Amino acid sequence: MSILQIIEFSAVVTSALYGALIAHRKGMDFVGLFSLGFVVAFGGGTLRDLFLDRHPLFWIANGHYPVIVFFLTLAGSVLPGLLTRIEKHLAFPDALGTGLFTIVGTGYALDSGTSWFVASLIGVLTGTFGGVMADVISNELPSMFRPAPLQATCAFTGSWCYILGMQLPASEIWALPISILVVVLMRLAALKWNLQLPSANREHGGGGL
Amino acid sequence: MSILQIIEFSAVVTSALYGALIAHRKGMDFVGLFSLGFVVAFGGGTLRDLFLDRHPLFWIANGHYPVIVFFLTLAGSVLPGLLTRIEKHLAFPDALGTGLFTIVGTGYALDSGTSWFVASLIGVLTGTFGGVMADVISNELPSMFRPAPLQATCAFTGSWCYILGMQLPASEIWALPISILVVVLMRLAALKWNLQLPSANREHGGGGL
Amino acid sequence: MSILQIIEFSAVVTSALYGALIAHRKGMDFVGLFSLGFVVAFGGGTLRDLFLDRHPLFWIANGHYPVIVFFLTLAGSVLPGLLTRIEKHLAFPDALGTGLFTIVGTGYALDSGTSWFVASLIGVLTGTFGGVMADVISNELPSMFRPAPLQATCAFTGSWCYILGMQLPASEIWALPISILVVVLMRLAALKWNLQLPSANREHGGGGL
(Lines give C-alpha, C1' and ligand atoms only; values in the text may rest on other atoms or scores of the structure.)
Protein backbone atom coordinates (compact mmCIF):
# COMPACT_ATOMS: atom_id res chain seq x y z
CA MET A 1 0.00 0.00 0.00
CA SER A 2 2.93 2.30 0.72
CA ILE A 3 4.10 2.30 -2.91
CA LEU A 4 0.56 3.34 -3.98
CA GLN A 5 0.87 6.35 -1.64
CA ILE A 6 4.18 7.49 -3.07
CA ILE A 7 2.61 7.33 -6.53
CA GLU A 8 -0.43 9.22 -5.30
CA PHE A 9 1.78 12.00 -3.98
CA SER A 10 3.60 12.41 -7.30
CA ALA A 11 0.28 12.44 -9.15
CA VAL A 12 -1.05 15.18 -6.86
CA VAL A 13 1.95 17.41 -7.56
CA THR A 14 1.88 16.96 -11.35
CA SER A 15 -1.91 17.40 -11.53
CA ALA A 16 -1.92 20.53 -9.38
CA LEU A 17 0.69 22.11 -11.68
CA TYR A 18 -1.36 21.08 -14.70
CA GLY A 19 -4.53 22.66 -13.28
CA ALA A 20 -2.68 25.86 -12.37
CA LEU A 21 -1.35 26.02 -15.92
CA ILE A 22 -4.86 25.76 -17.41
CA ALA A 23 -6.04 28.54 -15.07
CA HIS A 24 -2.99 30.68 -15.87
CA ARG A 25 -3.60 30.37 -19.63
CA LYS A 26 -7.18 31.54 -19.00
CA GLY A 27 -5.93 34.64 -17.17
CA MET A 28 -7.43 33.61 -13.81
CA ASP A 29 -6.28 35.01 -10.47
CA PHE A 30 -4.85 33.02 -7.52
CA VAL A 31 -8.28 31.72 -6.47
CA GLY A 32 -8.72 30.33 -9.99
CA LEU A 33 -5.22 28.82 -10.03
CA PHE A 34 -5.71 27.12 -6.67
CA SER A 35 -9.25 25.96 -7.50
CA LEU A 36 -8.33 24.39 -10.83
CA GLY A 37 -5.15 22.94 -9.31
CA PHE A 38 -7.28 21.49 -6.53
CA VAL A 39 -9.93 20.12 -8.89
CA VAL A 40 -7.45 18.47 -11.27
CA ALA A 41 -5.43 17.06 -8.36
CA PHE A 42 -8.30 15.83 -6.17
CA GLY A 43 -11.41 15.71 -8.40
CA GLY A 44 -10.91 12.19 -9.75
CA GLY A 45 -9.77 10.74 -6.42
CA THR A 46 -12.66 12.38 -4.57
CA LEU A 47 -15.20 10.81 -6.92
CA ARG A 48 -13.39 7.47 -6.55
CA ASP A 49 -13.50 7.68 -2.74
CA LEU A 50 -17.18 8.72 -2.73
CA PHE A 51 -18.13 5.93 -5.18
CA LEU A 52 -16.22 3.28 -3.19
CA ASP A 53 -17.36 4.75 0.17
CA ARG A 54 -13.77 5.27 1.32
CA HIS A 55 -13.67 7.73 4.23
CA PRO A 56 -12.01 10.01 5.13
CA LEU A 57 -11.36 11.19 1.55
CA PHE A 58 -7.69 10.87 0.59
CA TRP A 59 -7.04 14.64 0.71
CA ILE A 60 -8.74 14.89 4.12
CA ALA A 61 -6.78 11.90 5.47
CA ASN A 62 -3.58 13.34 3.96
CA GLY A 63 -4.10 16.90 5.19
CA HIS A 64 -0.73 17.96 3.82
CA TYR A 65 -1.82 17.36 0.19
CA PRO A 66 -4.03 20.48 -0.03
CA VAL A 67 -1.29 22.52 1.69
CA ILE A 68 1.19 21.41 -0.98
CA VAL A 69 -1.28 22.31 -3.75
CA PHE A 70 -1.76 25.69 -2.05
CA PHE A 71 1.94 26.55 -2.04
CA LEU A 72 2.57 25.12 -5.53
CA THR A 73 -0.20 27.25 -7.03
CA LEU A 74 0.85 30.25 -4.90
CA ALA A 75 4.35 29.94 -6.33
CA GLY A 76 2.85 29.72 -9.82
CA SER A 77 0.74 32.80 -9.11
CA VAL A 78 3.59 34.93 -7.71
CA LEU A 79 6.12 33.80 -10.31
CA PRO A 80 4.05 33.52 -13.51
CA GLY A 81 7.26 33.20 -15.53
CA LEU A 82 7.73 29.85 -13.81
CA LEU A 83 4.39 28.59 -15.13
CA THR A 84 5.02 29.98 -18.62
CA ARG A 85 8.30 28.13 -18.76
CA ILE A 86 6.62 24.89 -17.68
CA GLU A 87 3.79 25.57 -20.14
CA LYS A 88 5.73 24.13 -23.07
CA HIS A 89 6.12 20.91 -21.16
CA LEU A 90 2.43 20.27 -20.41
CA ALA A 91 2.25 16.92 -22.20
CA PHE A 92 4.42 14.83 -19.90
CA PRO A 93 3.01 15.81 -16.46
CA ASP A 94 -0.49 15.42 -17.97
CA ALA A 95 0.32 11.92 -19.21
CA LEU A 96 2.04 10.97 -15.96
CA GLY A 97 -0.82 12.26 -13.80
CA THR A 98 -3.35 10.38 -15.90
CA GLY A 99 -1.32 7.18 -15.73
CA LEU A 100 -0.59 7.34 -12.01
CA PHE A 101 -4.17 8.18 -10.95
CA THR A 102 -5.68 5.60 -13.28
CA ILE A 103 -3.68 2.68 -11.93
CA VAL A 104 -4.05 3.78 -8.29
CA GLY A 105 -7.81 4.12 -8.81
CA THR A 106 -8.02 0.69 -10.40
CA GLY A 107 -6.07 -0.79 -7.49
CA TYR A 108 -8.34 0.77 -4.86
CA ALA A 109 -11.46 -0.43 -6.73
CA LEU A 110 -10.13 -3.99 -6.92
CA ASP A 111 -9.36 -3.81 -3.18
CA SER A 112 -13.00 -2.83 -2.60
CA GLY A 113 -14.14 -5.98 -4.37
CA THR A 114 -15.69 -4.45 -7.50
CA SER A 115 -15.90 -6.42 -10.75
CA TRP A 116 -12.93 -6.06 -13.13
CA PHE A 117 -14.88 -3.95 -15.58
CA VAL A 118 -16.10 -1.59 -12.85
CA ALA A 119 -12.52 -1.37 -11.51
CA SER A 120 -11.27 -0.33 -14.96
CA LEU A 121 -14.01 2.32 -15.22
CA ILE A 122 -13.19 3.73 -11.79
CA GLY A 123 -9.52 3.78 -12.81
CA VAL A 124 -10.31 5.75 -15.97
CA LEU A 125 -12.59 8.06 -13.98
CA THR A 126 -9.88 8.69 -11.36
CA GLY A 127 -7.34 9.41 -14.09
CA THR A 128 -9.41 11.66 -16.33
CA PHE A 129 -12.21 13.22 -14.26
CA GLY A 130 -10.10 16.05 -12.83
CA GLY A 131 -9.30 17.30 -16.31
CA VAL A 132 -12.93 16.96 -17.44
CA MET A 133 -14.08 18.94 -14.37
CA ALA A 134 -11.49 21.66 -15.07
CA ASP A 135 -12.85 21.96 -18.63
CA VAL A 136 -16.48 22.00 -17.46
CA ILE A 137 -15.73 24.68 -14.84
CA SER A 138 -13.80 26.84 -17.30
CA ASN A 139 -16.83 26.44 -19.54
CA GLU A 140 -15.24 24.48 -22.38
CA LEU A 141 -16.47 21.31 -24.07
CA PRO A 142 -14.20 18.76 -22.36
CA SER A 143 -11.40 17.72 -24.72
CA MET A 144 -12.23 14.12 -23.79
CA PHE A 145 -15.49 14.50 -25.72
CA ARG A 146 -14.11 16.43 -28.70
CA PRO A 147 -12.16 14.85 -31.51
CA ALA A 148 -8.80 14.96 -29.75
CA PRO A 149 -5.81 12.71 -29.14
CA LEU A 150 -6.64 9.50 -27.25
CA GLN A 151 -6.86 9.98 -23.47
CA ALA A 152 -9.53 7.79 -21.87
CA THR A 153 -8.54 4.99 -24.25
CA CYS A 154 -4.95 5.10 -22.91
CA ALA A 155 -6.20 5.01 -19.33
CA PHE A 156 -8.58 2.14 -20.12
CA THR A 157 -5.81 0.09 -21.76
CA GLY A 158 -3.39 0.66 -18.88
CA SER A 159 -6.09 -0.22 -16.41
CA TRP A 160 -6.67 -3.61 -18.04
CA CYS A 161 -2.88 -4.23 -18.19
CA TYR A 162 -2.89 -3.79 -14.42
CA ILE A 163 -6.00 -5.92 -13.79
CA LEU A 164 -4.80 -8.80 -15.97
CA GLY A 165 -1.18 -8.40 -14.85
CA MET A 166 -2.21 -8.76 -11.21
CA GLN A 167 -3.43 -12.30 -12.00
CA LEU A 168 0.13 -13.37 -12.87
CA PRO A 169 2.73 -14.52 -10.29
CA ALA A 170 4.99 -11.92 -8.59
CA SER A 171 2.94 -9.18 -10.24
CA GLU A 172 3.18 -6.78 -7.24
CA ILE A 173 6.65 -5.87 -8.42
CA TRP A 174 6.10 -5.02 -12.08
CA ALA A 175 2.32 -4.72 -12.74
CA LEU A 176 2.12 -1.21 -11.28
CA PRO A 177 5.08 0.48 -13.05
CA ILE A 178 4.46 -1.34 -16.34
CA SER A 179 0.77 -0.33 -16.44
CA ILE A 180 1.59 3.29 -15.68
CA LEU A 181 4.22 3.20 -18.42
CA VAL A 182 1.63 1.83 -20.86
CA VAL A 183 -0.68 4.80 -20.17
CA VAL A 184 2.13 7.38 -20.37
CA LEU A 185 3.65 6.00 -23.60
CA MET A 186 0.22 5.58 -25.28
CA ARG A 187 -0.76 9.10 -24.31
CA LEU A 188 2.51 10.65 -25.52
CA ALA A 189 2.26 8.70 -28.79
CA ALA A 190 -1.35 9.87 -29.20
CA LEU A 191 -0.26 13.49 -28.75
CA LYS A 192 2.76 13.16 -31.07
CA TRP A 193 0.93 11.47 -33.96
CA ASN A 194 -2.52 12.92 -33.15
CA LEU A 195 -4.07 9.46 -32.78
CA GLN A 196 -7.84 9.68 -32.47
CA LEU A 197 -10.84 7.40 -32.41
CA PRO A 198 -13.04 7.74 -35.49
CA SER A 199 -16.04 10.01 -34.83
CA ALA A 200 -19.41 10.42 -36.54
CA ASN A 201 -18.67 13.84 -38.01
CA ARG A 202 -15.74 12.48 -39.96
CA GLU A 203 -17.95 10.29 -42.08
CA HIS A 204 -19.91 13.29 -43.25
CA GLY A 205 -16.68 15.00 -44.20
CA GLY A 206 -17.24 17.73 -41.59
CA GLY A 207 -14.75 18.93 -39.01
CA GLY A 208 -15.02 18.49 -35.26
CA LEU A 209 -16.93 21.04 -33.24
CA MET B 1 -37.84 -5.30 -4.46
CA SER B 2 -37.32 -7.59 -7.46
CA ILE B 3 -39.84 -5.71 -9.63
CA LEU B 4 -37.92 -2.46 -8.92
CA GLN B 5 -34.77 -4.14 -10.24
CA ILE B 6 -36.41 -5.25 -13.50
CA ILE B 7 -37.57 -1.66 -14.00
CA GLU B 8 -34.09 -0.38 -13.18
CA PHE B 9 -32.60 -2.64 -15.84
CA SER B 10 -34.99 -1.37 -18.53
CA ALA B 11 -34.28 2.22 -17.54
CA VAL B 12 -30.52 1.64 -17.82
CA VAL B 13 -30.87 0.31 -21.37
CA THR B 14 -33.14 3.12 -22.62
CA SER B 15 -31.04 5.82 -20.94
CA ALA B 16 -27.75 4.48 -22.30
CA LEU B 17 -29.19 4.55 -25.83
CA TYR B 18 -30.46 8.07 -25.24
CA GLY B 19 -27.04 9.28 -24.04
CA ALA B 20 -25.29 7.61 -26.97
CA LEU B 21 -27.72 9.33 -29.33
CA ILE B 22 -26.93 12.77 -27.86
CA ALA B 23 -23.20 12.06 -28.22
CA HIS B 24 -23.69 10.78 -31.79
CA ARG B 25 -25.57 13.91 -32.81
CA LYS B 26 -22.65 15.96 -31.43
CA GLY B 27 -20.18 14.01 -33.58
CA MET B 28 -18.37 12.47 -30.59
CA ASP B 29 -16.23 9.32 -30.82
CA PHE B 30 -16.77 6.05 -28.91
CA VAL B 31 -15.39 7.48 -25.65
CA GLY B 32 -17.98 10.26 -25.91
CA LEU B 33 -20.78 7.81 -26.74
CA PHE B 34 -19.93 5.56 -23.83
CA SER B 35 -19.38 8.45 -21.40
CA LEU B 36 -22.68 10.16 -22.17
CA GLY B 37 -24.47 6.79 -22.25
CA PHE B 38 -22.93 6.06 -18.84
CA VAL B 39 -23.78 9.48 -17.40
CA VAL B 40 -27.40 9.43 -18.57
CA ALA B 41 -27.85 5.82 -17.44
CA PHE B 42 -26.10 6.04 -14.05
CA GLY B 43 -25.82 9.77 -13.21
CA GLY B 44 -29.19 10.17 -11.52
CA GLY B 45 -29.00 6.83 -9.69
CA THR B 46 -25.46 7.55 -8.50
CA LEU B 47 -26.51 10.86 -6.98
CA ARG B 48 -29.53 9.12 -5.39
CA ASP B 49 -27.29 6.41 -3.87
CA LEU B 50 -24.74 8.96 -2.61
CA PHE B 51 -27.47 11.19 -1.12
CA LEU B 52 -29.20 8.23 0.59
CA ASP B 53 -25.84 6.66 1.59
CA ARG B 54 -26.66 3.43 -0.26
CA HIS B 55 -23.50 1.40 -0.86
CA PRO B 56 -22.30 -0.21 -3.04
CA LEU B 57 -23.70 2.08 -5.75
CA PHE B 58 -26.26 0.29 -7.93
CA TRP B 59 -23.93 0.06 -10.96
CA ILE B 60 -21.11 -1.30 -8.78
CA ALA B 61 -23.43 -3.83 -7.12
CA ASN B 62 -24.84 -4.76 -10.53
CA GLY B 63 -21.47 -5.04 -12.29
CA HIS B 64 -23.17 -6.23 -15.48
CA TYR B 65 -24.95 -2.87 -16.00
CA PRO B 66 -21.82 -0.98 -17.13
CA VAL B 67 -20.88 -3.93 -19.38
CA ILE B 68 -24.31 -3.70 -21.06
CA VAL B 69 -23.90 0.05 -21.54
CA PHE B 70 -20.44 -0.61 -23.00
CA PHE B 71 -21.70 -3.03 -25.63
CA LEU B 72 -24.84 -1.02 -26.43
CA THR B 73 -22.78 2.11 -27.09
CA LEU B 74 -20.12 0.08 -28.93
CA ALA B 75 -22.84 -1.24 -31.23
CA GLY B 76 -24.08 2.32 -31.71
CA SER B 77 -20.53 3.45 -32.48
CA VAL B 78 -19.74 0.68 -34.98
CA LEU B 79 -23.16 0.78 -36.66
CA PRO B 80 -23.99 4.51 -36.69
CA GLY B 81 -26.88 3.77 -39.09
CA LEU B 82 -28.52 1.97 -36.18
CA LEU B 83 -28.40 5.09 -34.00
CA THR B 84 -29.60 7.33 -36.83
CA ARG B 85 -32.58 5.06 -37.34
CA ILE B 86 -33.39 5.17 -33.61
CA GLU B 87 -32.81 8.95 -33.61
CA LYS B 88 -36.32 9.67 -34.90
CA HIS B 89 -37.70 7.76 -31.95
CA LEU B 90 -35.92 9.65 -29.16
CA ALA B 91 -39.07 10.81 -27.40
CA PHE B 92 -40.37 7.50 -26.11
CA PRO B 93 -37.17 6.02 -24.56
CA ASP B 94 -36.52 9.44 -23.03
CA ALA B 95 -39.97 9.54 -21.45
CA LEU B 96 -39.76 5.91 -20.34
CA GLY B 97 -36.30 6.35 -18.79
CA THR B 98 -37.45 9.45 -16.94
CA GLY B 99 -40.56 7.71 -15.66
CA LEU B 100 -38.85 4.49 -14.60
CA PHE B 101 -35.95 6.19 -12.81
CA THR B 102 -38.19 8.72 -11.10
CA ILE B 103 -40.48 6.15 -9.54
CA VAL B 104 -37.60 3.81 -8.57
CA GLY B 105 -35.78 6.75 -6.99
CA THR B 106 -38.87 7.80 -5.05
CA GLY B 107 -39.33 4.23 -3.82
CA TYR B 108 -35.73 3.97 -2.60
CA ALA B 109 -35.98 7.33 -0.82
CA LEU B 110 -39.19 6.29 0.95
CA ASP B 111 -37.47 3.03 1.97
CA SER B 112 -34.68 5.14 3.51
CA GLY B 113 -37.23 6.98 5.64
CA THR B 114 -37.04 10.43 4.07
CA SER B 115 -40.01 12.82 4.22
CA TRP B 116 -42.51 12.58 1.34
CA PHE B 117 -41.38 15.87 -0.15
CA VAL B 118 -37.70 14.88 -0.04
CA ALA B 119 -38.63 11.51 -1.59
CA SER B 120 -40.35 13.27 -4.48
CA LEU B 121 -37.31 15.51 -5.01
CA ILE B 122 -34.93 12.55 -5.02
CA GLY B 123 -37.27 10.83 -7.48
CA VAL B 124 -37.20 13.84 -9.83
CA LEU B 125 -33.43 14.08 -9.40
CA THR B 126 -32.95 10.39 -10.23
CA GLY B 127 -35.16 10.73 -13.28
CA THR B 128 -33.77 13.94 -14.73
CA PHE B 129 -30.21 14.44 -13.45
CA GLY B 130 -28.57 12.17 -16.05
CA GLY B 131 -29.95 14.31 -18.86
CA VAL B 132 -28.97 17.54 -17.10
CA MET B 133 -25.42 16.20 -16.60
CA ALA B 134 -25.21 15.19 -20.28
CA ASP B 135 -26.21 18.74 -21.25
CA VAL B 136 -23.74 20.33 -18.81
CA ILE B 137 -20.90 18.10 -20.04
CA SER B 138 -21.68 18.77 -23.70
CA ASN B 139 -21.62 22.44 -22.71
CA GLU B 140 -25.26 23.33 -23.38
CA LEU B 141 -27.70 25.13 -21.13
CA PRO B 142 -29.70 22.15 -19.79
CA SER B 143 -33.07 21.93 -21.59
CA MET B 144 -34.62 21.52 -18.13
CA PHE B 145 -33.75 25.18 -17.47
CA ARG B 146 -34.68 26.60 -20.87
CA PRO B 147 -38.24 27.23 -21.99
CA ALA B 148 -38.92 23.66 -23.16
CA PRO B 149 -41.63 21.03 -22.90
CA LEU B 150 -42.41 19.95 -19.33
CA GLN B 151 -39.98 17.36 -17.95
CA ALA B 152 -39.30 17.80 -14.23
CA THR B 153 -42.99 18.67 -13.76
CA CYS B 154 -44.02 15.26 -15.23
CA ALA B 155 -41.55 13.47 -12.96
CA PHE B 156 -42.76 15.43 -9.93
CA THR B 157 -46.41 14.62 -10.65
CA GLY B 158 -45.70 10.92 -11.17
CA SER B 159 -43.62 10.85 -8.02
CA TRP B 160 -46.55 12.18 -5.94
CA CYS B 161 -48.94 9.69 -7.62
CA TYR B 162 -46.65 6.96 -6.34
CA ILE B 163 -46.22 8.42 -2.84
CA LEU B 164 -49.94 9.00 -2.33
CA GLY B 165 -50.89 5.76 -4.14
CA MET B 166 -48.67 3.74 -1.76
CA GLN B 167 -50.92 4.90 1.12
CA LEU B 168 -53.91 3.06 -0.42
CA PRO B 169 -54.63 -0.68 0.08
CA ALA B 170 -53.07 -3.23 -2.29
CA SER B 171 -51.04 -0.44 -3.85
CA GLU B 172 -47.94 -2.61 -4.45
CA ILE B 173 -49.68 -4.03 -7.49
CA TRP B 174 -50.74 -0.91 -9.34
CA ALA B 175 -49.01 2.15 -7.80
CA LEU B 176 -45.71 1.46 -9.59
CA PRO B 177 -46.94 0.90 -13.18
CA ILE B 178 -49.64 3.60 -12.93
CA SER B 179 -47.16 6.23 -11.69
CA ILE B 180 -44.67 5.41 -14.42
CA LEU B 181 -47.50 5.64 -16.96
CA VAL B 182 -48.43 9.08 -15.60
CA VAL B 183 -44.87 10.35 -16.18
CA VAL B 184 -44.61 8.82 -19.66
CA LEU B 185 -48.03 10.06 -20.87
CA MET B 186 -47.50 13.56 -19.40
CA ARG B 187 -44.07 13.81 -21.01
CA LEU B 188 -45.27 12.59 -24.42
CA ALA B 189 -48.22 15.01 -24.24
CA ALA B 190 -45.84 17.86 -23.30
CA LEU B 191 -43.65 17.06 -26.32
CA LYS B 192 -46.64 16.71 -28.72
CA TRP B 193 -48.42 19.93 -27.72
CA ASN B 194 -45.26 21.78 -26.55
CA LEU B 195 -46.67 22.28 -23.05
CA GLN B 196 -44.45 24.62 -21.01
CA LEU B 197 -44.49 26.40 -17.71
CA PRO B 198 -44.78 30.19 -18.04
CA SER B 199 -41.40 31.90 -17.76
CA ALA B 200 -40.33 35.44 -16.96
CA ASN B 201 -39.12 36.31 -20.45
CA ARG B 202 -42.52 35.65 -21.91
CA GLU B 203 -44.02 38.56 -20.05
CA HIS B 204 -41.57 40.93 -21.65
CA GLY B 205 -42.41 39.51 -25.04
CA GLY B 206 -38.84 38.26 -25.50
CA GLY B 207 -37.77 34.78 -26.58
CA GLY B 208 -35.99 32.21 -24.41
CA LEU B 209 -32.22 32.17 -24.41
CA MET C 1 -24.91 23.10 17.95
CA SER C 2 -28.31 24.78 18.15
CA ILE C 3 -26.93 28.20 17.25
CA LEU C 4 -25.29 26.65 14.16
CA GLN C 5 -28.72 25.37 13.10
CA ILE C 6 -30.37 28.78 13.40
CA ILE C 7 -27.60 30.21 11.23
CA GLU C 8 -28.03 27.35 8.76
CA PHE C 9 -31.73 28.12 8.45
CA SER C 10 -31.10 31.81 7.68
CA ALA C 11 -28.45 30.88 5.13
CA VAL C 12 -30.88 28.50 3.39
CA VAL C 13 -33.50 31.25 3.03
CA THR C 14 -31.11 33.92 1.71
CA SER C 15 -29.40 31.47 -0.67
CA ALA C 16 -32.68 30.15 -2.07
CA LEU C 17 -33.79 33.70 -2.84
CA TYR C 18 -30.44 34.43 -4.45
CA GLY C 19 -30.68 31.31 -6.67
CA ALA C 20 -34.26 32.17 -7.66
CA LEU C 21 -33.11 35.68 -8.59
CA ILE C 22 -30.36 34.33 -10.89
CA ALA C 23 -32.91 32.02 -12.55
CA HIS C 24 -35.44 34.87 -12.87
CA ARG C 25 -32.89 37.14 -14.54
CA LYS C 26 -32.21 34.32 -17.05
CA GLY C 27 -35.93 34.08 -17.88
CA MET C 28 -36.31 30.53 -16.49
CA ASP C 29 -39.65 29.01 -15.49
CA PHE C 30 -40.60 27.72 -12.02
CA VAL C 31 -38.59 24.50 -12.42
CA GLY C 32 -35.53 26.67 -13.12
CA LEU C 33 -36.25 28.98 -10.17
CA PHE C 34 -36.68 26.08 -7.76
CA SER C 35 -33.68 24.15 -9.14
CA LEU C 36 -31.27 27.09 -8.89
CA GLY C 37 -32.74 28.07 -5.50
CA PHE C 38 -32.20 24.48 -4.38
CA VAL C 39 -28.66 24.26 -5.77
CA VAL C 40 -27.49 27.56 -4.27
CA ALA C 41 -29.14 26.74 -0.91
CA PHE C 42 -28.08 23.10 -0.60
CA GLY C 43 -25.22 22.58 -3.10
CA GLY C 44 -22.38 23.63 -0.82
CA GLY C 45 -23.79 21.89 2.26
CA THR C 46 -24.44 18.69 0.30
CA LEU C 47 -20.85 18.55 -0.87
CA ARG C 48 -19.69 19.27 2.71
CA ASP C 49 -21.85 16.44 4.10
CA LEU C 50 -20.73 13.98 1.39
CA PHE C 51 -17.04 14.89 1.91
CA LEU C 52 -17.30 14.58 5.71
CA ASP C 53 -19.54 11.46 5.45
CA ARG C 54 -22.34 13.13 7.45
CA HIS C 55 -25.62 11.28 6.92
CA PRO C 56 -28.46 11.94 6.50
CA LEU C 57 -27.63 15.06 4.46
CA PHE C 58 -28.74 18.24 6.23
CA TRP C 59 -31.65 18.89 3.84
CA ILE C 60 -32.84 15.28 4.21
CA ALA C 61 -32.54 15.42 8.02
CA ASN C 62 -34.28 18.82 8.02
CA GLY C 63 -37.10 17.82 5.64
CA HIS C 64 -38.72 21.23 6.06
CA TYR C 65 -35.80 23.05 4.38
CA PRO C 66 -36.67 21.92 0.82
CA VAL C 67 -40.36 22.73 1.50
CA ILE C 68 -39.39 26.28 2.49
CA VAL C 69 -37.26 26.64 -0.64
CA PHE C 70 -40.23 25.33 -2.67
CA PHE C 71 -42.66 27.93 -1.34
CA LEU C 72 -40.11 30.78 -1.43
CA THR C 73 -39.34 30.12 -5.11
CA LEU C 74 -43.04 29.53 -5.85
CA ALA C 75 -43.82 32.96 -4.39
CA GLY C 76 -41.00 34.42 -6.49
CA SER C 77 -42.40 32.69 -9.57
CA VAL C 78 -46.03 33.78 -9.06
CA LEU C 79 -45.13 37.32 -7.99
CA PRO C 80 -42.16 38.20 -10.23
CA GLY C 81 -42.48 41.84 -9.12
CA LEU C 82 -41.39 40.67 -5.69
CA LEU C 83 -38.13 39.23 -7.09
CA THR C 84 -37.50 42.30 -9.25
CA ARG C 85 -37.84 44.50 -6.22
CA ILE C 86 -35.38 42.33 -4.25
CA GLU C 87 -33.08 42.22 -7.29
CA LYS C 88 -31.51 45.58 -6.46
CA HIS C 89 -30.55 44.20 -3.06
CA LEU C 90 -28.67 41.10 -4.24
CA ALA C 91 -25.36 42.02 -2.63
CA PHE C 92 -26.30 41.69 1.03
CA PRO C 93 -28.10 38.30 1.02
CA ASP C 94 -25.28 36.97 -1.16
CA ALA C 95 -22.65 38.17 1.32
CA LEU C 96 -24.66 36.93 4.29
CA GLY C 97 -25.28 33.48 2.76
CA THR C 98 -21.58 33.14 1.90
CA GLY C 99 -20.55 34.17 5.42
CA LEU C 100 -23.04 31.99 7.24
CA PHE C 101 -22.40 28.82 5.20
CA THR C 102 -18.62 29.29 5.32
CA ILE C 103 -18.40 29.47 9.09
CA VAL C 104 -20.95 26.65 9.62
CA GLY C 105 -19.01 24.47 7.17
CA THR C 106 -15.72 25.23 8.91
CA GLY C 107 -17.30 24.34 12.26
CA TYR C 108 -18.64 20.99 11.01
CA ALA C 109 -15.27 20.12 9.46
CA LEU C 110 -13.42 20.90 12.71
CA ASP C 111 -15.98 18.73 14.57
CA SER C 112 -15.13 15.89 12.16
CA GLY C 113 -11.47 16.16 13.13
CA THR C 114 -10.01 17.46 9.87
CA SER C 115 -6.83 19.52 9.83
CA TRP C 116 -7.24 23.31 10.12
CA PHE C 117 -6.36 23.91 6.51
CA VAL C 118 -8.83 21.27 5.27
CA ALA C 119 -11.48 22.78 7.57
CA SER C 120 -10.93 26.21 6.01
CA LEU C 121 -11.20 24.72 2.50
CA ILE C 122 -14.43 22.90 3.35
CA GLY C 123 -15.74 26.15 4.80
CA VAL C 124 -14.94 28.06 1.61
CA LEU C 125 -16.45 25.22 -0.45
CA THR C 126 -19.66 25.25 1.62
CA GLY C 127 -19.93 29.00 1.27
CA THR C 128 -19.17 29.37 -2.42
CA PHE C 129 -19.94 26.08 -4.16
CA GLY C 130 -23.69 26.71 -4.53
CA GLY C 131 -23.05 29.87 -6.52
CA VAL C 132 -20.38 28.16 -8.64
CA MET C 133 -22.81 25.29 -9.40
CA ALA C 134 -25.55 27.79 -10.34
CA ASP C 135 -23.13 29.45 -12.78
CA VAL C 136 -21.97 26.11 -14.25
CA ILE C 137 -25.59 24.93 -14.70
CA SER C 138 -26.66 28.20 -16.31
CA ASN C 139 -23.63 27.71 -18.58
CA GLU C 140 -21.56 30.71 -17.51
CA LEU C 141 -17.92 30.87 -16.53
CA PRO C 142 -18.27 30.99 -12.71
CA SER C 143 -17.69 34.55 -11.49
CA MET C 144 -15.35 33.05 -8.87
CA PHE C 145 -12.92 32.23 -11.71
CA ARG C 146 -13.28 35.48 -13.65
CA PRO C 147 -11.65 38.76 -12.65
CA ALA C 148 -14.38 39.79 -10.21
CA PRO C 149 -14.69 41.23 -6.71
CA LEU C 150 -13.15 39.04 -4.00
CA GLN C 151 -15.42 36.19 -2.87
CA ALA C 152 -13.49 33.02 -1.99
CA THR C 153 -10.81 35.22 -0.40
CA CYS C 154 -13.41 36.73 1.99
CA ALA C 155 -14.67 33.26 2.90
CA PHE C 156 -11.12 32.00 3.43
CA THR C 157 -10.23 34.93 5.70
CA GLY C 158 -13.40 34.54 7.79
CA SER C 159 -12.82 30.82 8.06
CA TRP C 160 -9.35 31.37 9.56
CA CYS C 161 -10.76 34.01 11.94
CA TYR C 162 -13.11 31.32 13.22
CA ILE C 163 -10.46 28.58 13.40
CA LEU C 164 -7.94 30.75 15.25
CA GLY C 165 -10.62 32.45 17.33
CA MET C 166 -11.86 29.08 18.60
CA GLN C 167 -8.43 28.55 20.21
CA LEU C 168 -9.02 31.54 22.52
CA PRO C 169 -10.96 31.36 25.82
CA ALA C 170 -14.74 31.87 25.82
CA SER C 171 -14.67 31.88 22.02
CA GLU C 172 -18.03 30.06 21.67
CA ILE C 173 -19.74 33.36 22.33
CA TRP C 174 -18.04 35.70 19.86
CA ALA C 175 -16.00 33.62 17.37
CA LEU C 176 -19.06 32.67 15.31
CA PRO C 177 -20.71 36.11 14.86
CA ILE C 178 -17.38 37.93 14.47
CA SER C 179 -16.15 35.55 11.75
CA ILE C 180 -19.43 35.82 9.84
CA LEU C 181 -19.17 39.62 10.13
CA VAL C 182 -15.63 39.51 8.73
CA VAL C 183 -16.84 37.64 5.62
CA VAL C 184 -19.87 39.92 5.13
CA LEU C 185 -17.95 43.19 5.56
CA MET C 186 -15.03 42.04 3.37
CA ARG C 187 -17.43 40.91 0.65
CA LEU C 188 -19.45 44.15 0.73
CA ALA C 189 -16.23 46.19 0.66
CA ALA C 190 -14.97 44.13 -2.28
CA LEU C 191 -18.22 44.81 -4.18
CA LYS C 192 -18.22 48.53 -3.31
CA TRP C 193 -14.60 49.27 -4.28
CA ASN C 194 -14.30 46.40 -6.81
CA LEU C 195 -11.40 44.80 -4.94
CA GLN C 196 -9.82 42.01 -6.98
CA LEU C 197 -6.82 39.73 -6.86
CA PRO C 198 -4.26 40.45 -9.58
CA SER C 199 -4.62 38.10 -12.55
CA ALA C 200 -2.31 37.05 -15.37
CA ASN C 201 -4.18 38.87 -18.13
CA ARG C 202 -3.55 42.19 -16.44
CA GLU C 203 0.17 41.95 -17.01
CA HIS C 204 -0.35 41.71 -20.73
CA GLY C 205 -2.54 44.76 -20.59
CA GLY C 206 -5.56 42.74 -21.74
CA GLY C 207 -9.01 42.75 -20.17
CA GLY C 208 -10.63 39.86 -18.37
CA LEU C 209 -12.70 37.41 -20.37
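For the reader, a short list of remarks on this structure follows.
Order of writing sets the chain letters: A, B and C. Residues in each chain are counted from 1.
Methods note: contacts are C-beta pairs under 8 Å (C-beta built on N, C-alpha and C of every residue); 3 or more make two chains touch, one makes a residue touch a chain.
From a predicted model like this one, the values you see are computed outputs, not experimental measurements.
Viewed as a contact network, the protein chains are fully connected, with every chain touching every other. Rotation angle for the C-alpha superposition of chain A on chain C: 120 degrees, rounded in steps of 5.
Chain A and chain B have CA centres that are 29 Å apart. Touching of two or more other chains is recorded for residues 50, 136, 139 of chain C. The residues of chain B lying in touch with chain A in their complex are 23-24, 26-32, 35-36, 38, 46, 50, 55-57, 59-60, 63, 66-67, 70, 80, 136-139.
Every residue of chain A that touches chain B in the complex is listed here, in rising order: 50-53, 112, 114-115, 117-118, 121, 132, 136, 139-142, 144-147, 151-153, 196-203, 206, 208-209.
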